[in-house]
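Alright, structures below, take your time with them.
In the two assemblies presented below, chain A is common to both, partnered first by chain B and then by chain C.
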Partner chain A sequence: MSDSNKVRVGLAGPIILVVCIALVGGALYFLQSGMGGLSENLVYYMSPSQLMELGDESDDATVRLGGQVEVGTVDFDVDANLLTFVVTDGIAEVTVTCAGAPPQMFREGIGVVVEGQLQEDGVFHTDRVIVKHSNEYEAPVEGERASDVYQTLVMEES
Partner chain B sequence: MISTIFADLHILGPMGRGLVLLALLFSSVGFGAGLAGGFLKSAEATRIARWCALAFAATAIWANFVMIGALVSDDFSVGYVAEVGSIATPLYFKIPSLWASLSGSILFWAGVLGVYVALYARKARPKHAETQPWTLAALLATSVFFTALVASVADPFHAVFPVPLDGPGPNPLLQNHWLMAIHPPMLYLGYVGMSVPFSMAIGSLCAGRLEAGWLAPLRRWLIVPWLFLTIGIMLGGWWSYGVLGWGGYWAWDPVENASFHPWLTATAALHSAMVTERKGLLKTWTLVLIITSFLLTLFGTFLTRSGVFNSVHSFTQSDIGPVFLLAIAVIFVGTVVLLALRDHKLKTGRGFAKQVGGMKLLSRETSILAQNLLFTVFTATVLLGTVFPLLAEAVNGDKLSVGAPYFDRIALPIGVMLVALMGVGPALPWGEMNPQRALRRFVGPVVGGAVLTLAAAIGGFTGPVSLLAMFVCGFALVSNLGEYATPVMARMRVKKERLDVAARRAFIRGRRRYGGHIAHLGIVIAVMAIALSKGYRTTADLTLREGQTAQVEGYDITFTGADLIELEYMESLTANFAVTRNGQDYGTYSPAMNFYPRQREPIGSPAVRSTPAEDLYLSLVQVQPDGEWAAVRVLVMPAVWWLWATLPIFALSALLILWPAKKRKTAAELMAEAA
Partner chain C sequence: MKSFKWENAVGVFALLLFAVAQYMALFTAPAERHMSEVVRILFVHVPAAWIALVTFTLAFIGATGFLITGRRGLDWFVEASTEVGVVMTTLLITLGSLFAKPTWNVWWVWEPRLTSTATMLLSFVGILVLRSTVRDADRRAVFSAAATILSFVNVPIVYFSVRWWVTVHQIQSSPATVDPDMVFVLRANAFAFLFIAIWMIAKRWRIAKMRGLAETAPPLPPEVTA
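What follows is the complex of A and B.
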């Protein structure tokens, strides 16, 4: 088999090496731009006090804000389809708005993660509200409906 | 019912445990015998190793059936059944419970490994007598590793006392969709199957038999797990689309990426192995790719099972992570040493530059080389994005994640180039092609690309990226279809056969090759579907009061009320939406929230109207049980249907490749065996 592969020296050899080098170069370029893309596309997890510390610096950077939904701050306007609430970590508070309804398990006092940006009006705009819940198994109380159990969600320490 | 009697006696636990210990014994002894067979070149020891391999397979598979028996008969004295079983779970969810949680899934892994080990031990050819003991030793070492896990840290058969009367039932995510019955087994068949080509590579390296002929069978053993992995990944995307409710099928989630890494390297290996087989080139490279694919399956299992990432798969998290990392490190160091020791045999007197320098620009080997380069870069970038959050947290404690745009940005240009190469490669011959002929060869594919681009533009997909994607897809599609037509036309011309006769004979002669080409078609169609569905999607978050209507992309969506449907094992809160378009009634769609007693978080169940042209996807966000109002996320996107349509294509490809050859050939092999 190897007999048929005797290296014939010709023009094609060098050309192909050049093509190979070009390909490797292109590959490195993509890796490089991929790296650039990496730093641009990092999404940091932050608490309200970390976000507030950053203040203006965080403008328009996408972050994941984690904390607790402050009791008594939740307002969902069905007709305007607009949700507002305050996320707190006990130190700082951030007002969050979301164009859309909250997920089924969302309630006051629960732990949430919201992905979005703190904008110039000082309000955190999100289109993604994720409820943090304790997923540990708890047997339903006698007679309790499965579809009501979620209402007793364990509140997350933030 | 015999199984009920067994359940009452609580005998299944000890029985399963006994079988696991036997499997551990057989795999250990077989491993030793394999090593002895290799070092002493003893046919007797090799025979013992082969016998032990079959015995391991039998016991490991049997142990899986014992566990299924325990799950089906609700034997809560078995630890795993107490963990994931429940009397109310329907039978068709009890069997998939085998892979519902960590210890069961590792047992299942050992069982699947048993199937592959048995297949290898049965098929191992006498002509591979030198590599066989080493390959068996490597396979059985893998078996020892997984069986030891099942016997220790992940023991599903441990006894529970006092025996509970009922269990919590499997993870609700598993009970929510029929795909959960097939997505995990397919992925396992892909993951575990990588052990065979890996072990064969190790066998060839240990025995020092690295001629091209010795490496050829590797490719056949690689394509099997590759196809299963492809189908498994596709099904995973489908499941994500049908259950998770975010309207996508691929989120570049670390655990999805975990299955994608070995797929990428295995795809590269499948192609570089062809160059090795035909030209005797790129040997080391092919071996490295095969070994890397196996390591990446272990790494993927580590990512999924160790709980380093939070995801839909992290229900199986545990402390087996370090064990996997250790195994990966040992295999990595071991194979590097082995490759270094065999360096002189792999080089065959020519360095990489000379090997490549000997290639011609317009040849299949060059296109495969380019394909391999792209796949390597692809793997490296996806891997980087996947592990970067882990590294960042380890180094300076930052908690972060890498956004999907990072992955999309790299996947797009590489994807376009790869699809273009899928059109170029198969059209070029091995060795060399003269440029004029090459030009003529590409007229058809270029016309095909232009036609598809034009069709897409007329269909309203006018973005430059989508048009480019459509062009390369059309190009690759026609080029690959040409691969079917060429042998048929050659037969008609040379042998003067009729079209149907020529087609049938060409198909029979090149069945496995056609199987490979069909996989190409599947990939091209999948890429088309991904390009269009990602590029042209509309998302709307609606909140509707009862009777209220909203319009999205020409669909009129009216909320008509909520229902609570009670089943024995769950309750389903559904919102009903009447959908019409231009006055045409499309019926009622009812996305739901499913509540399981075991879990406080409901699981969404989107409603999808799927057509080849476009999907209307309704995912429930929140609904008031009294039906006052409902919030729904509506997505309209084209071509998703085609992504799932590739599944039968891959299945057909697998069948064509796996279908056993005619009896006649087997008889010839038996003769050879006897001689």
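What follows is the complex of A and C.
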């Protein structure tokens, strides 16, 4: 008990260190290189093109579809409480219907991820709309009140 | 024995800076164009994220140093920074969830960024559990140093998850994508969080030290314990 400030790690300490760092480094190298097809398989949602490629295979299966809300396609039927819009990835388009009011951040041109089924008539029905915003945060432009913009999204157009 | 502890000066400074930075976050920073006032959660969510990753990196450095030198002080540092990191990550996830509901329209989604962050939290909570279950101080120090280095793998995964995989969470913002008035307030809050974390780690280190010394001290002579 010569030095109670220290644990006698001996050679075991550095060996454990090297092994652990090698494991961590190996794991990170594996992940960032995309080996094992992880980035292809770890897909949280499909694009409209991918969903179209699946065709009949996707019938009745619950899937997630992600893309942009196409400008000029948003329609909210207040009486039926039904939201309709088109999701696009620039190549393919899918019409989506959702029972319920649009989420507050929902607007034309924004990214969305919708969870639901592609029905036989080619319309994607969802009950869960996730709004995917960008990494941009901007102040309101001159003469614009942020609280107004927030409250009147979509509604002003229908 | 009452002596001046440097971390208390850091703590006072941190709380003052936090008060000013939070005032700016709540009142002087602009609202966001599309999110409106909700954007103010950013000023606590993002600092919590940054400092959580910093504290776990400190734990990693401490664990590395411990395995090379065997110094108990570094083991106590691993304990302190891991615990503060767990607090920061819990805060990060809670605030993120509060931010997600009004912006994304959901409290939680099992997408890569959120899932990897939850994994990171669990793995570092696991280290605290490990520390409380190993009774021998020397073995506990070696085990938790190894576990800390292994758990550190989560830190780069969390950071890069938004670039490696398809996520709902947006990628890192940069000063180019954030309004300059918001950038300043964000940085002020990040520094406040950093100093609070340093203060907490130093305090927690002293607790770990006292426990450690009590643990390794020779047993008291019988006439004292009787």
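Everything that follows uses one rule, which is that the second predicted complex is superposed on the first by the 91 of 158 C-alpha atoms of A that agree within 3 Å, B and C clash if a C-alpha of one lies under 4 Å from a C-alpha of the other, contacts with A are read in each partner's own complex, and residues count from 1 in each chain.
To be clear about the criterion, a residue touches a chain if its C-beta (ideal position, glycine included) is under 8 Å from a C-beta of that chain, and two chains touch if they have at least 3 such contacts.
As the structure is a computational prediction, the values presented were derived from the model and not from experiment.
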Inquiry  = Output check: A:G90 vs chain B and chain C. Expected answer is one of first, second, both, neither. What do you get?
reply    = neither
Ask   = Is A:M105 touching the first partner chain B, the second partner chain C, both, or neither of them?
value = both
Query = Which of the two partners, first being chain B and second being chain C, lies in contact with A:N81: first, second, both, or neither?
reply = first
Message = So in the superposed three-chain picture, is A:G122 touching just chain B, just chain C, both, or none of them (first/second/both/neither)?
response = neither
Task = Return first, second, both or neither, reflecting whether A:G72 touches chain B, chain C, both chains, or no partner chain.
result = neither
Query = Counting only touches as set out at the top, which of chain B and chain C does A:T62 meet: first, second, both, neither?
reply = first
Query = Can you pull the chain A residues that chain B and chain C both touch?
reply = 5, 7-8, 12-14, 16-17, 20, 23-24, 27, 31, 34, 38, 42-45, 103-106, 131, 133-135, 137-140, 146-147, 149-150, 153
Request  = Sort out for me which residues of chain C touch chain A in the complex.
outcome  = 30-39, 42, 64, 66-73, 75, 102-106, 109, 111-112, 137-138, 141-142, 145-146, 149-150, 152-153, 156-157, 160, 164-168, 170-174, 177-179, 181-182, 216
Note = chain A contacts chain C in the complex at 4-9, 12-14, 16-17, 20-21, 23-24, 27-28, 31-32, 34, 38-39, 42-45, 66, 103-107, 113, 128-141, 144, 146-147, 149-150, 153
Task = Over in the complex, which chain A residues touch chain B? Could you list them?
result = 1-2, 5, 7-8, 12-17, 19-20, 23-24, 27, 30-31, 33-35, 37-38, 40-45, 62, 64, 78-79, 81, 99-106, 127, 131, 133-135, 137-140, 145-147, 149-150, 152-154
Request  = In the complex, go through chain B and note every residue touching chain A.
outcome  = 168, 212-213, 279-281, 348, 350, 353-354, 356-361, 366, 369-370, 373-374, 376-377, 380-381, 384-385, 388, 392, 398-406, 409-410, 413-414, 432, 541-543, 545, 564, 570-571, 573, 593, 595-602, 620-623, 625, 629, 631, 633
